[in-house]
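So, here come the structures, one by one.
Two complexes come next, and they have one chain in common, chain A, joined by chain B in the first and chain C in the second.
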Partner chain A sequence: MRNILRQLIKIPSVSGREERLAAYIAKEMRPYFDTVERDALGNVICRKTGAGKKLLFCAHMDEIGFIVTFIEEDGFLRCAPVGGIDFPAAAYSRVVFESGRSGVLIPEEGTKPKDYKGDAFVVDIGAKSRAEAARLVKIGECFSLEGRLFSLAGSRICGRPLDDKLGCAVLMSAAREADTFQNDVTFVFSVQEEVGLRGARTAAFAAAPDFGIAVDVTLTGDTKGAKPMAVSLGKGAAVKLKDASVICDGYLAKKMASIAEKQKIPSQKEILTSGGSDTAALQLAGAGCRAGCISIPLRYCHSGVETADMRDVQACRDLVCAVAQADFADF
Partner chain B sequence: MYPDTKELVAALASIMSVSGQEEQGREKLCALAGSYFDAYLPDPSGTHVFVKRCGREGAPKLLLDAHFDEIGMLVSDITEEGFLRVVSVGGLDRRILPAAEVLIYGKETLYGVIAAVPPHLQKAGDHKTAPEIGDLLIDTGYDGETLRRLVDIGTPVGFYEKTASLLGSRICGRSMDNKACCAAAILGAAMLSSEQMAWDLYVTLSAREETGLASGCSAAAYRIRPDAAIVTDVTFAVSPGVREDEGGKMGGGPVVSLSAVTDRGLTRQLLRLAQEREIPCQTCVDACDTGTNATMLSLVGEGIPTAVVSVPITSMHTYNEIADTSDIEYAARLFAAAAEKGGLRL
Partner chain C sequence: MNQDWTTLSLLETLSCTFGPSGCEDAVADVIRTHVERYCDEILPDSMGGVIAYVRGDGTPLDGPVCPRRLMFSSHMDEVGFMIRSITEEGLLKISSMCGGDTRVLAGRRVWVGNESSQVQGVFGVKPLHLVKSEDRGQAVELEELYIDIGASTREDAEGVVHVGDYGTFASDFVIFGKDKEYIKGKALDDRVGCAILCSALRQIYAAGLRPACDLYFAFTCREELGISGARTAAYKIDPDFAIVLEATAAGDITGTADYRQVAHLGRGGAVSLMDRSTIYDRPFTDWILKAAEEEQIPCQIKQYVSGGNDAGHIHKSRAGVRCAAVSAPARYIHTASNVVAKRDIESMEQLVMAVIRRLCSKKEGRILRCEIS
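The block that comes next holds the complex of A and B.
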């Protein structure tokens, strides 16, 4: 799983610019599914037909980042955030462009950290003039904080972007068990989640599933100064009940929790008071479906040091497989 | 032959289309634009749909959307003394409303002026704040009884129509947002003959853009199910108070949006077409949201690859928006090129 994640992190995929990652994932998924297709928005849609219920699992490929808006006379770049950038956390960091070129993201001199936002930042790519910068970087080009992955103590991992390449890795690993799936299963690797839960909506419209299950990261309540929240790193896959964008389907949440219990997969319940997920888009696309989410607990979300526990990641993978194999005859 | 741009924009701007009232203009609009298309399809969303076909069975569908509605007001009350109270429809600039000339589209079209308190009588500090819409009164000169006969609650109110020519190719007046782009879409269709076309072109002059995301554009697109879409709307022109990185240059050609929510492949093709056909063209960056119909249009059904091509205007959302007809014509040429053989590819 760690190897899958490492490969995903290497390929930049700022929202709207997911093509390269989509091509990679589509190629990797082909052996495990009956069909692997790209839709009009760029989602990767993998289907393994089966006899049971129609299940759609969805992890988003896109990561938060920046887009170049303007090149100053002296060669500094101006940029705008794509998705929910935490500017204080991003200040003085190395950034990497789609071309592989590096730059550093710097607040204007004298800006107080409380005023750190898009307008106050420039990117120094080392260019000495507008003409030089314009040769190296194009307006509209995207970049993000450097992707990286390293180990902390025990089974903890750290780096970025784990949101939601961890979810993609969970599905890609689960795909290896596709032969055992009893239901009619579609894996969606979605685009543009970070800019409004967009890709999941068109993918779910096309698939019209009975159950839509997002696989995404969630916050935890176990960091210093965290808002109280009953999710901790290392306590297993989190079955979402609610976040700021959605109230999950009651039957599906109970079903997933009971599957986890029966299969002895560590799990916890999640209520997230801020932040949304593709779950909301799945729920309301087309004629709607029963929607839920398997969440991977993540500390320091949207920073350069997102931290997760591989045991949780493994639990999420096991739960995806168990749900895909489960009998929904009680529904 | 295709119409004179200034005349077309002025004629479109003279059709009242305050959000929610778009269908009232159908006859006038069809008289203006109908001859450049093969068919007009009414749509329950209030969107006007014009179709120009290339004549081949199963040809791909290109949707070209320009919202037809304009900001304005609705009468909310008629006072005993004969003044009209209004609510706003869309994002009016409250600073410019006192003393504005308006038209009240009742049983007859009435001329009115929004009452303004003389500076001599204003209270200290009044000049520092813009009045609330609910505090404004429209003076028509009629008494309350006559007014109640001609005007009802819900009667639309628009800015006075007087499209004027400025120097060179600039024009000025109400509702350049978005009649400038409606004109570009119609003009683009007028430039095409079916033999030249590789796509069936659906021009949607759509309802209710100014009042939120539940735009008539998406509803119409759900029925049409196009293979690709271009949304044309106005953007900010670089002008006093609008920096170079915040807008496009007037006269510099249409502004193509680079955004996380538009289709990059389609966008690249449009930029390439503009270059090949030597059509002046510029780019702007709309990071996460284009602020146009494209944001939701792209999510209709199974998804629609969508690009945004804008016409820069100044003084947006006032009664004196300024546009450059050369930008409208360049945009029209780009739309025509897109639908032609050798234009956009799927």
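The block that comes next holds the complex of A and C.
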């Protein structure tokens, strides 16, 4: 699983620019599914037909980042955030462009941290003039904080972007068990989650599943000064009940919790008070579906040092497989 | 520039027509009358939009991805307001539908009414002599603004207007500046797009063009109020590609930092890469930019991420639609006097026709996208 994650982190995929990652994932998934397709927005849609209920699992490929909007006379770049950038956390960091070129993200001199917003930042790529910069970087090119992955104590890992390449890794690992799935299962690797849950919506419209299950990261309540929240790192897969964008289907949440219990997969309940997920888009697409989410607990989300516990990641993978294998005859 | 350029005279008619969001019927009538002879069919639209359909020749284009249905979209509605109540003194209180920017309202001439008849009025504002010194230089609050239609009692006013009636700026269409290059008027956002699409329909008809894919020209409602018209039109049309023609805020002479100027008048249509509602399909956008380059049609990349348009809903419609957007740079957008450059309109018209001609050609019509290997 760690190897899959390492490969995914290597391929940049700022929202709207998921093309390369999508091509990689599609190629990797082909052996395990009946069909692997791309839709108009660029989602990767993998389907293994089966006799049971129509289940759709969805993890988003895109990561937060930036887009170049303007090149200054003196060679500095102006940019706009793509998704929910935490500017104080991003200041004075190395950034990497789609071409592999490096730059540094710097606030204008004298800007106070409380005024750290998109317009206060420039990127220094080392160019000395507009002409030089324009040869190296094009307007519309995207970049993000340097991707990285390293180990902390025990089973803890740290780096970026774990949101939501962890979810993609969970599905890619679960795909290896696709032969055992009893239901009609679709894995969606979605685009543009970070800018408004856009890809999941069109993918779910086309698939029209009975159950839509997002696989995404969630915040935790176990960091210093955290808002009270009953999710901790290391306590297993979090079954979402509610976040700021969705109230999950009660039957599906209970079903997933009971499957976890029966299979002895560590799990916990999640109620997230801020932030949304593809779950909401799955629920409302087309005529709607019963929606839920298997969440991977993650500390310091959207920073350069997102931190997770591999035991949770493994639990999420096991739960995805168990749900895909489960009998939904009681529904 | 040809003096009898039809697009320009149509734009004048459209600009002067009353059509705030939710009350676009008069604009729809002008457009329907103009385009019905140029298209195969006008499709009904539940929101009040006009959808002009040009049938393709039915043969699929070559290439891994080829469009079956291409949608063009421009919105008919303009910023305006609704009459919320009428005072004892016969003055009209309003609910704003232009982002609540009261700076642009005070002292303005307006039309008030519905799609079939309107009366003149003015936005009353306290003369400077009567303004308390501490309030001078402050924008007037929406609650203090009223429209004076020359009625002295509520009964008088109710004889000509009703609560729920609409209002727009009253503003002449004027061609001005060196070489008569600039156009000033109300509602150029987005009657410019509507005029270009009407012109494209006329040219397709005149040249007897029969594109390989079906074309839908959607003139949509209520864009300024949350893009509701384009959403339903896109659902109905179910296109695989869409091009939105819009007007965008040009900040080129407003004392705005150069990296926030968005677009410049006279440099051609501004092609969007990303705005607050959409990340545009890059291969499709590149294909359009390539067409512009090859045919030497001026166009510019929209710089700065701001605003949104019909594409915000179109691209998320059904199973997804690949979208691009081209906007006329417009100064003083959402005021009584939008200013656009004639040659930008001309460039956008040429670009739309270049796209359509390419869709008539089996070779050029290919819209390539990296396929999964």
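Methods note: the second predicted complex is superposed on the first by the 331 of 331 C-alpha atoms of A that agree within 3 Å, B and C clash if a C-alpha of one lies under 4 Å from a C-alpha of the other, contacts with A are read in each partner's own complex, and residues count from 1 in each chain.
Definition applied: a residue touches a chain if its C-beta (ideal position, glycine included) is under 8 Å from a C-beta of that chain, and two chains touch if they have at least 3 such contacts.
Remember, predicted model here, so these are calculated numbers, not experimental data.
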Q: Would you mind checking whether chain B and chain C clash or fit side by side on chain A after the superposition?
A: clash
Q) For A:V36, is the partner it touches chain B (first), chain C (second), both, or none of the two (neither)? A) second
(Q) For A:G83, using the defined touch cut-off, is the partner it touches chain B, chain C, both, or neither? Pick first, second, both or neither. (A) first
Q: Report for A:S295: first if it touches chain B alone, second if chain C alone, otherwise both or neither.
A: neither
Q. What is the contact status of A:A23 with respect to chain B (first) and chain C (second): first, second, both, or neither?
A. second
Q. After lining up the shared chain so the two structures overlap, which partner does A:S15 touch, if you call chain B first and chain C second: first, second, both or neither?
A. both
Q: Answer with first, second, both or neither: which of chain B and chain C does A:S267 touch in the superposed model?
A: neither
Q) Of the partners chain B and chain C, which touch A:T186 in the superposed model: first, second, both, neither? A) neither
Q.
With both complexes superposed on chain A, which partner does A:D119 reach: first (chain B), second (chain C), both or neither?
A. second
(Q) Just to be sure I follow: which residues of chain A are touched by chain B in one complex and then by chain C in the other one? (A) 15-17, 19, 39-41, 43, 67, 69-70, 78, 80, 82, 139-140, 192, 195, 198-199, 201-203, 205-206
Q.
For the complex, give me every residue of chain B touching chain A.
A. 244-245, 258-264, 283, 285, 287-289, 295, 298-299, 301-305
Q: Using the touch rule from the top, collect the residues of chain C that touch chain A in their complex.
A: 240, 258-260, 273-274, 279-282, 301, 303-305, 315-322, 370-373
**Q.** Touch list for chain A against partner chain C, complex
**A.** 15-17, 19, 22-23, 26-27, 36-41, 43, 67, 69-70, 72, 78, 80, 82, 119, 139-140, 192, 195, 198-199, 201-203, 205-206
**Q.** Of all residues in chain A, those that touch chain B in their complex
**A.** 14-17, 19, 39-41, 43, 67-70, 78, 80-83, 139-140, 142, 192, 195-196, 198-199, 201-203, 205-206
